[in-house]
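Quick notes on the structure that follows.
We call the chains A, B, C and D, going by the order they appear; numbering starts again at 1 in every chain.
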Amino acid sequence: MPRARVLIQNKPGVFDPEGKVVHTGLERLGHGQVDQVRVGKVIDLHFESGTREEIAAEIDQMCSEFLVNPVIEDYTVEFLDE
Amino acid sequence: MPRARVLIQNKPGVFDPEGKVVHTGLERLGHGQVDQVRVGKVIDLHFESGTREEIAAEIDQMCSEFLVNPVIEDYTVEFLDE
Amino acid sequence: MKFAVVVFPGSNCDRDCFHVVSRVLDAPVEYVWHRDTDLKGADCVLLPGGFSYGDYLRTGAIAKMSPVMDTVAEFAANGGPVLGICNGFQVLLETGLLPGAMLRNTSLTFICKDSPLRCATTRTPFTSTLEQGEVITLPIAHAEGNYFIDEDGLAELRDNDQIVFEYCSKDGEVAPEFNPNGSVANIAGICNREGNVVGMMPHPERAAEAVLGSDEGLALFKAVVDSLV
Amino acid sequence: MKLEEKREFAKANGLSDEEFDLALEILGREPTLAEVGVVSAMWSEHCSYKSSRVHLSRLPTEGPQVVQGPGENAGAVDIGGGYAAVFKMESHNHPSYIEPYQGAATGVGGILRDVFTMGARPIGNMNSLRFGAVDHEKTPHLFHGVVAGIAGYGNCIGVPTVGGEIYFDPSYNGNILVNVFNVGVCRKDEIFKGIAEGVGNPIFYVGSGTGRDGIHGATMASQEFSEEKEAERPTVQVGDPFREKLLLEACQELMRTDSIVGIQDMGAAGLTSSSVEMADRAGNGVRIDADKIPAREENMSAYEFLLSESQERMLIVVEKGKEDAVAEIFDRWELEWAQIGEVTEGDSFEVWQHGEKVVDIPVSKLTSAAPKYDRPQKRPAYMDELEPASVDAPADLAEAFEDLVGSPNICSRNYVYEQFDHMVGVGTVVRPGAGDAAVLRVPGTDQSLAIAVDCNSRFCYLDAEEGAKLAVAECARNLSCVGAKPLGTTDCMNFGNPENPEIMWQFARAVDGMKEACIALDAPVVSGNVSLYNASNEVDIYPTPSVALVGGFDGPLEGTKYEAGGYTTMDFKESGDRIILLGE
């Protein structure tokens, strides 16, 4: 069964309040060597069937229709081992 | 600057309300060949310095202290290219 | 009998709890800042609702690291009564003072409405004046109140009489259709084994005065006062 | 950059050729890029009200109950017991169309800051929303996003959202309306103002860091939408309600010290409009050092710092010598802050970056000397075609009744208001759905107030003057239905393109209608907002002068809601009670 992973993050320059708070939290715990934190979403999708090309095209469509907010978010797609 | 990515997902068996809603949404849009959807979090961390081993150990500590709730969540760590 | 209301950055029901204790219950109460390590001589600790640290990452995840939580844990270990309401409940779960974890509501939306609750145990200091099985109606207001615990954990809660409130019908029937958020076994509130630490999603402080439509929630605050005199 | 390129740049920022020439004349030299940004922001419709000022001046703004009329961040009326209700309504229409969640969320954040900057603690939110047809392809996404955004922000900061209204109509297909209202309460003699008094006083910046968010936002909000424009989106502002909560508490604490001279939030046109307006009210100048501004991104230009609409930021003029006390409070609330300038003698808005003076403009030229237009008006042609009186009564009343209750414009709103925390604050006496207006008890006092928001834009389309009158009257009736008496009005005038004489006619008539109703009901207008250019692809929205009224009660509310306590809810209480229809 083909599996793919969509990683969604705020575009560079778009404010990420959650990342900021997590960063502060890590600093408070003494993890001062962290320089930057971005928090995003990961969506794992299991498909019944399909080639990588088919699935990639399908995911692009899903992302533009629904999964991703193109105004503030960027996404990347990875394929997971079967 | 070393960068790492922490992927956090609900453990198998723990209900994933968001995944379910996304799944239903995808089906409604006609993406019926999707079999399963899991939604999780991705946290990208940029470090000032450190070897992979050091950073991996550090991240494990961050996860157990703070980033991950072991009752419901699992995590994996990936290193990103520099 | 003195109350402490813990304030985290982002708590927003702290003033409400303070109001109910000071003005309605007419009992002494003080705010305790999250960085404090002293409960100012309080006999009962309230962890209020709200969005500590914006609920970013996970509800209660960042608040649990506040210095005050060590003090609260110690207070609880000595048998002191602690009530975590809504976000306060989430903080208690994150700190491990109560078992389980919170997931998002199945609707994925915030839900604010009245909800009938069945009191499942009267052994806590906050429910000692209710009847076992009694139905009270309190407001709920949360996006993440879908309580999760695995099967073994649930069995343990049951065996140890740790379930305090369950979502139910007006007549007290506990069934999935009366569950607003998907929580395991309709759980709305639980306690620790000893019964002195209670966490609940519904807001008793919002139903403590008739002018707001109900004073059924006041019973919880009165009960803890009674339990300590 | 050559002068002609600057002219083009100014045009892209929304400044017309004539306005650019006026700016050249005022400056007596070529403007810097940052100056072009400042002038175009301050002279935008959003900041200068250049098309509406001549009309707004007709509105009644005075009365014995008025504590603060228009001109400040929000207006205020006396609600008795020594307390004032501080309130305002504002639009966030265009940002919400581009990104419904963040647009609505940051709208809520902005209106909250307008109220708490006055020293009031916010106690109630309302909103007035307009979406396109229910079956229009964009409506579900916009609707769900806006509702979630309002919930996300209001619930997190912990201010109950207790009322509002929602209509669906095709005239909003390409231009939704998101109007947000907030009311707060403070002692009436403890109101803070946005004023930069006291030459030499330091100016503090506090809140979140500045990024490139919403650059052009203020000018964008004053331009008609077209399909191409939809593509060129500025960086969307992302709200951080958690940070705003910290800002709220820090400001409340700061206001109990005696270190604040003036305070104002950075809304549209951010640092520019806040510092210029504060200087203008005091008749002083200000000097800002852009290098000191806490930045979230690297290499930001003065232009970007001045026009950024990053959220959750405040500008505070502090009494000289009290800097440490202020800093201590900000540090405790974990806010970013910096001393970025000072109040100066004279009338100059001066900004420095990297040792260079990048802006030097007389404050008054940006404010009172801003262009002002009395645009041509013409009675709309469609009014002759539409004959409301010719519409026949429905033949089958039962069927009409079902149509009505099934209509998306009339059906229950519980799906929406249950997503809003409407009870936080333990002050909500009459909840959404329970009465025609929301009733709020002021925490810690015996005072209460009621609030309602209304506008039937179809009426306004048929007759803008009568429609605006009806909006005010409906609000007032809503208040009296819960037992309150109107005290004051705020409004949000949402109209199409004012350069179209027919739209300008609608606007002017709506002001007339509002004026008459507010005088008749003794509810002076103490604050408000104008949103023009609500049109897409040349389709103007229905004229939508949303109004919100605040009402008061004579004494404390008592007992349960079923006893005589001076307020009522709308449910039928007992069988056997009589039902009376009042009015024709």
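Here are some notes:
We take it that contacts are C-beta pairs under 8 Å (C-beta built on N, C-alpha and C of every residue); 3 or more make two chains touch, one makes a residue touch a chain.
This structure is a prediction, so every number in the text was calculated from the model and none was measured.
Across A-C and B-C, the chain pair carrying more C-beta contacts is B-C.
Subunit C and subunit D have CA centres that are 36 Å apart. Chain centres here are Cα averages; for subunit B and subunit C they lie 29 Å apart.
Here the CA centre of subunit A is 9 Å from the CA centre of subunit B. Residue positions 240, 242-243, 334 of subunit D are each in touch with at least two other chains.
For subunit A, residues that reach two or more other chains under the stated contact definition are 17, 21-22, 25, 29, 39. Touching two or more other chains at once are residues 53-54, 56-57, 61-62, 65 of subunit C.
Listed by label, the pairs of touching chains are A-B, A-C, A-D, B-C, C-D.
The part of subunit C that touches subunit A in the complex is made up of residues 53-54, 56-57, 61-62, 65. Interface residues of subunit A, counted against subunit D in their complex, comprise 10-11, 13-17, 20-21, 24, 69, 71-72. Put simply, subunit C touches subunit B in their complex at residues 57-58, 61-62, 65, 93-94, 99-101, 103-106, 108, 146, 148-150, 182. Put simply, subunit D touches subunit A in their complex at residues 98-99, 101-102, 208, 211-213, 233, 235-240, 242-243, 296-297, 310-311, 334.
In the complex of the two chains, the subunit C residues touching subunit D come out as 9-10, 12-13, 15-16, 19-20, 23, 49-51, 53-56, 109-113, 139, 141, 143, 203, 205-206, 208-213.
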